[in-house]
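The following pair of complexes shares a single chain, chain A, combined with chain B in the former and chain C in the latter.
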Partner chain A sequence: MTTTTAPPRPATTRKAAKTSTRRSQATAGYLFVTPFLLVFLLFFLLPLAYAAYLSLFREQLVGGTVFAGLDNYVRALGDERLLGGVLRVARFFVLQVPIMLVLALLAALAIDSGLLRVSKVFRVGIFIPYAVPSVVATLMWGYLYGRDFGPFAQLGHAIGAATPNFLGDGLMLGSMANIVTWEFTGYNMIILYAALRAIPTDLYEAAAVDGASSWRIAWNIKVPAIRPALFLCLIFSVIGSFQLFAEPQLLQRLAPSVIDSAYTPNLYAYTLAFTGQEVNYAAAVSFLLGVVIVVVSYSFLFVTNRRSRS
Partner chain B sequence: MKRPFLPGFRRRALMAAAGMLSASLVLAACGGSSGSSTATPDKVSQADVDKAMKTPTDLTFWTWVPNIKKEVAVFEKKYPAIHVKIVNAGQGEPQYTKLRTALKAGSGAPDLAQIEFQYIPTFSLTKSLEDLRPYGAEKHANTFVDWTWNQVKGSNGEIWAYPQDTGPMGMLYRKDIFDKYGIKPPKTWDEFAAASKKLHAADPNVYMTNLAANQNGVWMGLLWQAGAKPFENTGADSVKVSVNDATSKKVGDYWEGLIKGGSVSTDPDFTDAWYQGLARGKYATWLTAAWGPVFLSGSAKGTSGKWRAAPLPQWDAAKPASGNWGGSTTAVIKGTKNPIAAAKFAEFLNTDAETTKMFTTEQFFFPATKSLLADPAFTNQKPAFYGGQQVNQVFADVSDTVDLSFQWPPFLDQAVNDWDETVGKSFADKGDVGGALDTWQQRVTDYAKNQGFKVSQ
Partner chain C sequence: MSRTASPTDRRSNLLTLGMLALLLYFLLPLFWLVVSATKTTSDLFSTFGLWFSGDFSLLRNIHDTFTYDGGVYGRWMLNTLAYSVVSAGGATLLAALGGYGFAKFRFRGNNALFGLVLGSIMVPTTALAIPTYLLFSKFGLVNTPWAIILPSLVSPFGLYLMRVYAQDAVADATLEAARLDGAGELRIFFQVVLRSLAPGLVTVLLFTLVATWNNYFLPLIMLNDPKLYPITVGLSAWSSQAVGGSGSSAELLALVVTGSLLSVIPLIAAFLMLQRYWQSGLTTGGVKE
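Let's look at the complex of A and B:
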């Protein structure tokens, strides 16, 4: 056996050629990422660092700024109103997110199954509420919920039935959950639909050979295959629910005695900073909220990882 | 002694290219202040004033007054070198929030801003307003109605702003509803309560009035009328807070009775439902300020001719009194690069005969100047919306009865927020107003102490 080889290149130049290519590729990579990193640094990391710095001080209307160490955090941990707000958004999360994700999943499966005749219209229709700014959406729903002159109430008057007080103490959280579900089901549906499109089609062929029905295919093949996407939606929802702000703030004008300034932690931080001028304490509250969100997200991650491993 | 925010603050100012100069101006204002002086500061010389008014200058003026460009045009015609840029940064609280944010950031604050009377202490405490005495403000002590001048004066004699319009409180009532149920316009609060019961018994769908659960302004106006002094600025770092004193409790108990009796509703005001209520005759009266009549004629057009005006019902018919709700001033923001031009603009806008008259004819403001309140052209107006009644005369008379010594706290935003959540909520829940007043007192004093004030009760 003879081997024909090209005259061997000196080893050093071959290695040098490899590292210089790799180096120029690496440089190109860094150059591409730089604009994002710059924006990330300026608009995310620096304000975060500044807020952290602020949370260590205390500025009083009389007496100026003093270094307060962790006093703000200690105060926040003992603050009943903050705790109430966190529990409230946790309740909101448990109430709203499962319903929304199930609806989004069903919608995505329905579109993907190809059994829907007007799937394109359906897709756009469910997604349009996401394109409506949350301020507009909340104002619109606030009007719909109106007790005296909103359409539901008027309908109730017309048929002689009593309409529930959507903006009252008992139903407020549910009414907000409705608004948020209306806004974000389309968004989650698109993510899940994209994940469904990425499933290799030979799985379906194999299932068809085995005689599986559409429902079977959906439950046993599609849903397990899009687990990562479902998990992504879940994490987004955790962050979104715990940071709930726009809806309570706008509905507060319509029901000021139901929604107080500590209704959600974000609203509390906002009121502290801009009404009470307690910017430092507001920064501490925001950081604590961030910690809570991280803990909840990681616990979900932990639980799902353990399940996938077992 | 204040320690200025340094590292993060400076970095931000550097990044905002134009912010450096105003940032250091604000730092100089907020830091190392030697405390407010009691002596009158030196006046700016007439020569300096003349020079400033001839130098091309751009002033930024934050205001929500509609169509104020007409009055501004009069000023610009007289002083062509000065150009005023009008910016609507929001109405009331949203503007104050933006103003505070801009002041804290050290850039973006205007030269002048519209500030309601009740918010002046909030901004003067944080040293955000220019004292107008060096620019000749003192000579206007008798131009304005006395209680308004007291409202713009600081605790050391500073003059923080020029009054623009006022809101002495009266009562607008639906004559047709009163006539239908045989009710005479009540002159005392006892008569008002009796009329409420009578009206509610006759028609449960109509309420004698609406005491909005989110409207601290009306509550303070009613306290003002009753002679209460819930807040007093006793010094640069001390306040007296007594929002649950005997007078407040008396007013609170009175309204608690009416609300629990069901004759008074507590819907949030300035919302869609409330406008609908006014238009459809849900409320028989509206306890409101002197800017109310014009406002009502614009928002409840369908009820034209059915309303009349009267003074508020009195606690003591022999000693008529009233309070004030709203009304604004024009103040010069500290740190402005053009204090002379700004101060002179504020002065002109609110004291010149032509512009002040335009405020009453174009924007239908209720004037703050003594001369206009006595001007027959103003007081003799007979709007058809009020069946030809001389509404302005009614409110001009009321203006004379507004108590002189009511004061506002230097942290009104927080106090109002706490009121909404305690007293306002007790209205909406038909609960114990007295207890809510005690809670409000607790929350305000806690906040004040937290902010470093010495609080007396």
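Let's look at the complex of A and C:
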């Protein structure tokens, strides 16, 4: 602390009092943030560092665990199963996230527009799936997709049409995208809706008086104003897509020939660690997956920042 | 409610219809779940999925769900409740203390530390789960409730929300007045600040509650004693028996369906009852920047 040497001037006492409150303020501030930071250190940074550490070693049948430098990473970068999983979730992201975010945005704009009857019913109804665990959502959709007693198959059977095999090789990713869309559209909608409510009304009331249509107001005024919230949704979606786990893990039982143990990177890391006992390699895979997500997120941040500045 | 109400009735039937279609998509699977929970396993296969069968066996299904395998389902329910209430309560308190600290106090490293936490939002939690498991197994924490609760106490997004919220909702003048009255900082926090943070608190509480309630990956790797399972891992175990087996374990199917329905009721009820709070918490605190 360098604030103790105050020159002797008429206002010294006041200044000293100010300095001391500032210092006690700082102490209090530290006290308030310490509990969070302590837990953050122990259960976030420490496991992260431990993963980095573990990833530098290798188990051997003879000689136990030995230092391996970056060997695990070299292996991971050349691992076709991992690469296949990463590309699959990337494809999933490209397929699913635009649909989900457009639906969420449209729903949020519709509810915010004041053009709907019973808008509260829509707001709550669309949001409810978020409160359903992904395990339950996947079990449910798994049955709905199913050929045994899924209603789609029953309906198809009743009218004599063949229902597509939702859990077959061709449609699996799309079926999974549907489950995730069902689960998280409402969540994104609520975030966007909250942001819409925070826009000062005078921003678009003038436009409404000038006769601008609701569509134009939505597109030209509201959407640009909630760009930060849209970006937040996008980042959460990057994270969600790349660490997909529960959905493929549960659907694997219904379609073991379609979903292998490396269907998504996370499923692969899980299999490596708990079935293959390749703990060190699993740590490297987890770490690398984290890096991929951070890089993708930051590149989105970079692109959107540049675009909004120009 | 309608803030943009104008003299003429601006309501649009077309838009309402479109939204109805969307609503149907989101509610239909849940309707299927309710209908299916009233059926026996054989009716699940033999009757149309989206309507009730003649044999209404919801009560028997509920009874069977709670008594199967020595009443393990009730235990899972209680485990889930305990894990998520303790985790969410703890995470919310930590986020409130921290968010208030970052928002209202000047100290060295304030921005840097907050930036560090904010950056961590992008680190996927499941990438952390495996190293956390390995770390916990060194300290004998694996296969205990702590293995679920401790990692769930960290909520970087909760801290972020609370900081933004505290910035606006807590008036500096109120703090000054309380300090002049000689109140200690902790007393000010618990008696003055917490009250103005209430909507933000409910928001963070509900969202961390959902995160723990719905968590699957962490308990799946941390726990191997079925008595400690939360409901997600338990249902998954039942469903894998139901899919794999035949004969008596096929009867499990009706229990998986009924158990699924029962497991989603508490959270949906909480969201419906508390919607006034969490929605205003998101609006004022959340995502405006």
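Operating definition for what follows: the second predicted complex is superposed on the first by the 296 of 310 C-alpha atoms of A that agree within 3 Å, B and C clash if a C-alpha of one lies under 4 Å from a C-alpha of the other, contacts with A are read in each partner's own complex, and residues count from 1 in each chain.
Going forward, a residue touches a chain if its C-beta (ideal position, glycine included) is under 8 Å from a C-beta of that chain, and two chains touch if they have at least 3 such contacts.
The structure displayed is predicted, hence computed values, not measured ones.
K.L.:
In the overlay, answer first, second, both or neither for which of chain B and chain C A:Thr65 touches.
P.N.:
Touch status of A:Thr65: first partner only.
K.L.:
Based on the superposed arrangement, let me know which partner A:Phe274 touches: chain B (first), chain C (second), both, or neither?
P.N.:
both
K.L.:
Applying the touch criterion given at the start, work out whether A:Phe302 contacts chain B, chain C, both or neither, answering first, second, both or neither.
P.N.:
In the superposed model, A:Phe302 contacts neither chain B nor chain C.
K.L.:
After lining up the shared chain so the two structures overlap, which partner does A:Trp215 touch, if you call chain B first and chain C second: first, second, both or neither?
P.N.:
neither
K.L.:
In the overlay, answer first, second, both or neither for which of chain B and chain C A:Leu254 touches.
P.N.:
A:Leu254 sits against chain B and chain C alike.
K.L.:
Answer with first, second, both or neither: which of chain B and chain C does A:Arg147 touch in the superposed model?
P.N.:
It touches chain B, and chain C stays clear.
K.L.:
Does chain A have more residues touched by chain B or by chain C?
P.N.:
C
K.L.:
Could you give the residue numbers on chain A that contact chain B in one complex and chain C in the other?
P.N.:
42, 46, 50, 54, 143, 148-149, 253-254, 274, 279
K.L.:
With touch defined as at the start, can you tell me which chain B residues reach chain A in the complex?
P.N.:
Those in contact with chain A are residues 1-5, 7-8, 11-12, 15, 97, 100-101, 104, 125-126, 213-214, 236-237, 268, 271-273, 276-277, 410-411, 413-414, 417, 420-421, 424-425, 427-429, 447, 450-453.
K.L.:
Touching chain B in the complex: which residues of chain A?
P.N.:
Where chain A meets chain B, its residues are 42, 46, 49-50, 53-54, 60-66, 143, 146-149, 253-257, 260-261, 271, 274-279.
K.L.:
Give the list of chain A residues in touch with chain C in this complex.
P.N.:
Touching chain C: residues 22, 25-33, 35-37, 39-40, 42-44, 46-48, 50-51, 54, 103, 107, 110-111, 113-122, 124-137, 139-141, 143-144, 148-151, 154, 182, 185-186, 190-191, 194-195, 197-198, 201, 205, 208, 214, 226, 228-229, 232, 235, 238-239, 242-243, 245-246, 250, 253-254, 266, 269-270, 273-274, 279, 282-283, 286-287, 289-290, 293-294, 297-298 of chain A.
K.L.:
Applying the document's contact rule, which stretches of chain C touch chain A when the two form their complex?
P.N.:
Answer in residue numbers: 1-6, 10-13, 15-16, 18-19, 22-23, 25-27, 29-30, 32-33, 36, 44-45, 48-50, 94-95, 97-98, 100-102, 104-108, 110, 113, 117, 120-135, 150-151, 153-154, 156, 159, 185, 189, 210, 213-214, 216-217, 221, 231-233, 235-236, 239-240, 243-244, 256-257, 260, 263-264, 267-268, 270-272, 275, 279, 282-284, 286-289.
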